[in-house]
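Take a look at the structures listed below.
Below, subunit A partners subunit B and then partners subunit C, in two separate complexes.
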Partner chain A sequence: MKNKINVYLIEYAINAVLRQKYKSFFIVSVFMLLTFLLTSVFFITNSIKHELESTVDALPQIIVQKIKAGRHYDIDVSSVDGILEIAGVSDAVARVWGYYYFENAGVNFSLVGIEQYEKQYKNSFESIVEKFDLTHNEDDSFMVAGEGVYQTMQQNYYKEYFNFIKPDGTLKKVNLAGVFDSDTNLESNDMIVLSKETLREIFDIPESKATDIVVRVENPQEIQTVASKIKLMYPDTRIVTNQDLKVSYQNIFDYKSGIFLALFIVSLFTFFIIIYDKSSGLSNEEKREIGILKAVGWTVDDVLKEKFYESFIISFFAYTLGVGLALAYVYLFQAPLLRDVFVGYSQLKTRFELPFVFDFQTLFLVFLLSVPIYIAATIIPSWKVATLEADEVIR
Partner chain B sequence: MIELKNISKIYDVNKNEKLIALDAINLTIQEGELVVLKGASGSGKSTILSLIAALSKPTNGEVIVDSKKISKLPDYFASIYRRDNIGFIFQKYNLIPTLSVKDNVLLPLIPLNPHADLVDEKLQKVMQRFNIAHKKDVLVRNLSGGEQQRVAIARSYVNDPKIIIADEPTANLDEKLSLHFIEMLRELKLLNKTIIIATHDPLFFNLDFVDREIEIHNGKILR
Partner chain C sequence: MFIKKIVIFITILLFASLSLSAGTFTKSASSEPVLVQKGDEKHWCCVCGMNLKMFYKTSHASKSDDDTHRQYCSMRCLAVDMDTHPIDVNEIQVVDASTQKLIKAKTAFYVLGSTVEGTMSKVSKFAFASQSDAKNFVKEYKGQIVDFESALKNAKESLVSDTEMITAKKTKKIYPMGQTIFEKMCLLDIDINKYGAINELKSALQNKKLCKPLKEQQLQAVALYLWELKRFGDLEKTNGKIQVTEEEKCPVCGMFIYKYPKWAAQIFYEINKKEHRYSFDGVKDLMKFYFNPAEWGNYEVKTKGDITKILVTDYYSQKAIEAKKAYFVLGSDVYGPMGNELIPFENENDAQTFYKDHRGSKLIKFEEITPQEVSKLDE
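Right, the complex of A and B next:
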């Protein structure tokens, strides 16, 4: 009987929370806001991190670009043959792609040309080739667009086709064959996939030229060696490896995590102010109540147990609310306001979805940063009063 | 049996000033005895009560209850001692104003982790005995002085203590309610409790059911 949970003690604690309506309401509000902010920031960070990682993983191992006087030019398609000679290279594909500025919406689309019967340098293109027919001919061209592009088109009255303006000022009409949904949102959102011929026409790139060449290496350990060999063979090129890209992606990200950290510290700071305020002392009524409980036979343990329940109820309730709100805010409503701060790096104004990444560690971290600290901050001053001589407290 | 042996209580008023509230007191109270401590305000009556209830510790001497040195008990055991032996009716009642009558009376039982059926029955009985059951769900802060005192009495009685202590029980009551309290006291006496009352109210003097009147003066017992 002694070791059973004391229902009356818990009831007393619940009652205590309800009795101090305004105080409890205030604490729950502030506490909830802080857990909400913290959790939201963590959720957004996790989502972007996840997104970046999958983007980087999908990057080509080596990209070869032609550089003249520090400027990027189209590369000769014939270079592919030379690169394929290098030991360790398993594949080399000339890519035709580029950014197209859509003036009406003020956004950039990235246009990527693929060839139906060529080996695709990205896995996600294989399924596009399988699903859609992008055959090119004079008056009937087709494209497949990312979700973000599709939305932008819809908003600008292009339902089934799009008119690209060619360098000579004439229009090229391309029909929308479908919308794709790749696993990496970040990259594919502003993307349009069409046949290489169509793209050459839009950008006016001759058959003998390509935007760059992507190289696949058998053994990932050899990427650097192969990269140097290509540079030796074609000195007028710039070689970008996926390692380089990873670093620059991470740089952008680390810069952002500075902002996260700032926000994090601000909220933590606010939290500690409340804690400080609370631990600086109990009100006279609170002290007296503890004295009365001691006088009628409660031990210090009983009092502290009750205070533990009280603060646990209030902080866990607020924590749950905060986390629940953050879940809804970030994943359901896609984090309005905060999202602009964090997703700004992608430089696209097109739609970007924060993927749901459930991370138990985050929830646990926020829990550790809030609930036990609050409980300690409640129990310590109560403990100070409870260990005083009861007579002094109630006199 | 309660024994006070050579008890002194000295308060530090400030750094250089000490106040001798009790000065080498010796006193024995038998089981079932009803004792009235009388004396002017400031004579030391409340201090004696709080020592017997282990709410404070003497500067010198020993308080022995049923051959246990309760003045030497660590805080935890002092609480247990109060829980099991003492019912204290404080001068200012010391109720929790934002709790209902019932919840106030329940307070001494909570640390015992009692069984729900027993609790309800016990509370109902006690509240009925002290005529406050009809207000059981009313918040204590909305009660009159007399009603608050009845709650305080019910609370002191609910853990079935051997010793009931009342400090100036009629200080805040009019004459009618004071007489009513004395009737309740008579009833408690019949229940064979050891009862100690501190008062300077003449209503308590020469009552037939009071076993002994002890006069305190300046921290000493007058013979």
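Right, the complex of A and C next:
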């Protein structure tokens, strides 16, 4: 049988690999490093992309902000009434939110106000309202904090409450009702959720004003029409649709991907130099080996098969090792160093887990880029030598 | 002596600055308001249930023939009430926006359309006993001075559009909110029909402990939900989206429906006491099937008489609606999965808006749809 795998050839190939210990070791380590680098980069980008996309999908469809003198300004709550009148709008919520700088830890908290009985514009708030009672009283206010905020508070001896400094310098004590975790950590880690009244008191925002208005449109096809109608109705506003947000998030991400592209090109270049060096000719020793094998009675076919096994064993071993290492590095150790390149736009250093996203395509791409090329680079020069007469080679 | 002068000067300055910062005009009463209604319900408008103290400066009061006093949050509610109650126009009183006393409306000077927001109306109406007060008000907040008759006429004319604005807000926001508060905070066995007006209900909710203590806004939401919705049934919960399984294909074009939930439409037939349902990826295909089922294959459907109901998806709300009550826009610039479409709407206003926004060529009801009209869409 022609196609049957020759076990002796494989045995010989393994022995050949083991014989040239240092050379094999060198090739495996370079090869492994390359696949490791490439796959971990792909893993990280995929994970963050996944995280971002789920964050963006949870964003409101239209955000209406008042712009005064080119800056974001508090919007009138009564604008909600006008927006609700537009056909296609199913809900409009006046949001109250902002950033609170906590000087002791040098971090920003994002404070979000919600109204208990309103239809929430975010699913995660719905569960917060279900679980916690955020009533606001004169002397008793409650908040729910994200995991990151909670840790920061613990480190600063705020176990059960937090004192916010109001604009007039007095303190507002808010009790901690609980800690929440959302499906995506990227958005909620630095977040504190309180009732709108409490937040109005902390930021000194009057009852008639809100930070911005989010609009829900049932039919996504109508978002553009609704957005332009709002713009006509309130010319002093800036309308941001979720499509715009997606683009700007993508821009941040693409910019950071550029750094990776540079890394990618450099490593690929290194790889191809090695390949070029290898394919440009065999060493005398290797030529002799092929000559002797032929003299012993091996056919060209046998030689090529053996070379194929040899290179496949080396490259595949290195490839799996690299991928395995990358998996462990990214998902087990959460990619120290490398991921800092990507995650740098949040105020509180977000401690979030990279979600496990297994992308078969990228693995296949890395495989195609490395293994077959390496095999080809070994076989082609061997074939050149193997087709020559044995005595010619040995001589 | 000198110090005294400084103190006086400073107090004058303070007062001056206070009166200057009156740019934020509030409609609420600055002192205890005059309430003419009797009982605990006197704090609220008898038509809309809003708090009279909060909207005191636009408040009106009336006297019926049988000597009952009624008080309203605004001229809009007065205009609404005039349709149903015998009200003596000569007895109508209004709050003077500057002195905050009740005065005769007939002789008052009304400022129409100032920059201050109106109560339940897009055009605000404030009354003054003296013309000079009215002129001062106009100086600061613009608007024009008219008499009672023309103000009332304006209120009646804008009633339709004002009600539209209020209804939009109520259905999209206040009723759902009122419902959640009601279910969480109130006794669920309230007999609404016991109360004659919304303000009676409101005072009962607050004073008879039917609900846990609520803020004014929340109380208003609950009262509106109970008074205007629960009294006549409930929020239509069945009005969900059209449900289709992943196997269902359109009998006309053969496409899977679940991929185009925005356009789903269904006909329900009853044949031999069994319900058959056919789903379509658009009203156009549904109509083709409706007119001639035999053309699209060997279906059991024989006559239109077997149809139990036809459901289509409202373009704006994405809810399932009865096709026979719906309005359809043809020839717009919005395309469905099968190209040109008949786009369904639950109410005519929405259809009109869509017709204008998306350059529709025709707005018709279900009965007016003809096979010719449908086949023209495919050209």
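FYI, the second predicted complex is superposed on the first by the 385 of 395 C-alpha atoms of A that agree within 3 Å, B and C clash if a C-alpha of one lies under 4 Å from a C-alpha of the other, contacts with A are read in each partner's own complex, and residues count from 1 in each chain.
Following the convention adopted for this analysis, a residue touches a chain if its C-beta (ideal position, glycine included) is under 8 Å from a C-beta of that chain, and two chains touch if they have at least 3 such contacts.
Given the structure is predicted, the values throughout are model-derived calculations rather than measurements.
Three-chain overlay on subunit A, with subunit B and subunit C fitting side by side and no clash. The superposition places the C-alpha centres of subunit B and subunit C at an angle of 150 degrees about the C-alpha centre of subunit A, rounded in steps of 10. By the touch criterion stated above, A:D81 is placed in contact with subunit C alone, subunit B being left untouched. Of the two partner chains placed around the shared chain by superposition, subunit B is the only one that A:N6 touches, whereas subunit C remains out of contact.
Look at A:A295: by the touch rule set out above, it reaches subunit B but stays clear of subunit C. By the touch criterion stated above, A:E218 is placed in contact with subunit C alone, subunit B being left untouched. By the touch criterion defined above, A:E126 reaches neither subunit B nor subunit C. The gap separating subunit B from subunit C in the superposed three-chain model is 55 Å, by closest C-alpha atoms.
By the touch criterion stated above, subunit A contacts subunit B in their complex at residues 1-2, 4, 6-9, 12, 15, 19, 288-289, 291-302, 387, 389-392, 394.
Residues 117, 164-165, 168-169, 172-173, 176-177, 180-181, 184, 218, 221, 262, 315-318, 334, 349-350, 353-354, 357-358 of subunit C are the ones that touch subunit A when the two sit in their complex. Considering their complex, residues 50, 53, 55-57, 75-76, 79-80, 82-84, 86, 88, 90, 94-96, 98-99, 103, 106-111, 113-116, 119, 155, 159 of subunit B touch subunit A. Residues of subunit A touching subunit C in their complex: 78, 80-82, 84-85, 87-92, 117-119, 218-219, 221-222, 225.
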